[in-house]
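Letters A, B and C name the chains as they come in the text, with residue numbers starting at 1 for each one.
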């Protein structure tokens, strides 16, 4: 193990919850190298937790342990698991759909159920509400530190992990359909579940204008023509662009502006994009 | 020393103040392991600083140094101190009440006054406004790095540290009274100054409904019946629950909701809870 | 090299962009000591990025590498550079004005253009929008890790770096004129481009009242009398003070209040301060 551990949650940073998780990891091994992905996942949004892992893990060294705690079902019957991805990363998480994007776009090699009778902090039998601290941080730290092996986490999960519905974009009657792929970041760029390959199949040339409509359910929220370009600097300041973002998904942005906040675009599966070529 | 140092402040992270403190610590010893508890303590709220330390320190290894800078009195006559807790943690802070919860709930072994003629960065005689950088980070880092011992910080503080008023909950005429124990985190759960033992004395069974009123001074802001359960998953999504939180205090939450923002509950000593058993 | 690397951007922390940069640095060398200055630079504000570096770098050890990514021109012809400051820090940044304050107030020893044919992550030829990850983090990490020397970054930049307009304060007809020096932090103190020396030349004694007006363009937003003092505790709670801030600039604050939010003061070159001595 490389001793790298990366935390993600929806706890925010205004209280001591994240620091308690960091502390637990340091008690396990104070030579761990501890990082945070984000703790601003929208409250209880398993979808965003899943997408952010996909957006991030590939840039980290093999062997890095990710601990993701968006856990609306804490205290219910949901399982706790550790997944090993095909790329050699480990993800410690409640089994609630957080592994959806990783399974579809990267692949999971094995998933093991955490045996919570063995793998939890001592004397936490009266702690029912903060498994992030008492189970996930503790187990992730022990795995990252090499105190336990992946095999020792617990038995292989049968039959399989929980998955959220994840529909890829599609081409139909010369229209390219997609939905918002994940949460909207601070800069307001909006990414869709249309990957580079699907867009290539749609056969738009660099510089070509496309007719784009963004709908919230049936209602058109924005429509207009946008050029497909490689990057921001290729359009004037204030203009829109259609581009392949840094994770490989088709995206819309305003050069030096904020597309999402300017037009009130939000994330979620009801937010649809339709792209057509000009006649 | 284990070389762990954890910072807390009300500076926020939008400017360079926190990074300046990190830099000062690295100049002292760049093998220190530097963490942040939170920098989003409500502006000038010594109460929250005190509570967040209590919420967090116990999960960190013995010997960890906490530097807490919520310092509305910077430049006044308030002292600067380092406390050693009964649990073996060190807290570097202005002596302004920040040690209140630690003293009451954990215990302070010794408190030493920082001799600022010795323990401040060189050439900071014209710096009157940022003791977080020039005194607290510097002294905390030197203590964590083993450059100075706790004894070398300065003389034992006589007679005692400044304390905020801290009234525990109480049972009176079959009603359990309490106040909001600390700040409200991002998830909106509200914790009261009623610990597990006091609630046990009140003798409510798991699953039992309680009549609960939350008041801002005299005005009732929310009232209703809430079941006492162990964890979120034991009530339907959207329902309220009364539970012992992960720091051992009685709390109210909405399962997958945000209790504080939904009902406008805020932190502060004017926010009172009254809990009664059903007839 | 001391293996310290400090990141700054306008990406925010709600998505995985910053963590991707951290990951890239760890792939280069997982013994780097990675820190964040801030990722809440106002969107696309090169001015603030420049000021925050100035506010912070001096407190870090010589040899520390700063990676600053406020990059509205990503994908345009703007260059990428690494600057070595007179103080021995390195700054990796797009050449878009981010080095303005460092050049004026600290001094740049040498600036080298990053040869992007050599210094970018492998297989990023289809990545046009996230040079923070693919060029700046990668190159900064390799420099901090000693994988490359400063000389190997690329050729010396000729003729010189891009600079924003930066007008210092001035004294004219017994009035001291200045503008807001940089962004406003969480505590709401406002700093002006009037340094300690210029204020000394203006010859105000400690405790003396000054007549102060703050204007947005021509419109007076606040005016009144404020005492020049050393620190917050020297005025009553709620009163204003004029003081030399911890970076050496004249500033106005409210003791235990928030000057900027109370009076709607914002940052920017249109925000002017005029200080006069009382008759």
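We adopt the following convention: a contact is a pair of C-beta atoms (placed from the backbone, for glycine too) under 8 Å apart; a residue touches a chain by one contact, two chains touch by 3 or more.
Predicted model only: the values in this text are computed from it and were never measured.
Residues touching across the subunit B-subunit C interface largely differ between the two copies, under half of the numbers being common to both. Relative orientation of subunit A and subunit C, expressed as the C-alpha superposition rotation angle, is 120° to the nearest 5.
The distance from the centre of subunit B to the centre of subunit C, each centre being the mean of the chain's C-alpha atoms, comes to 31 Å. Looking at subunit A, one finds that none of its residues touch two or more other chains.
Every residue of subunit B that touches subunit C in the complex is listed here, in rising order: 10-24, 26-27, 30, 34, 43-44, 72-78, 126-130, 133-134. Per the touch definition, subunit B reaches subunit A in the complex via residues 2-4, 6, 33, 35-40, 52-53, 55-57, 59-61, 64, 182-183, 185-187, 196, 230-234, 237, 243-246, 255-256, 258.
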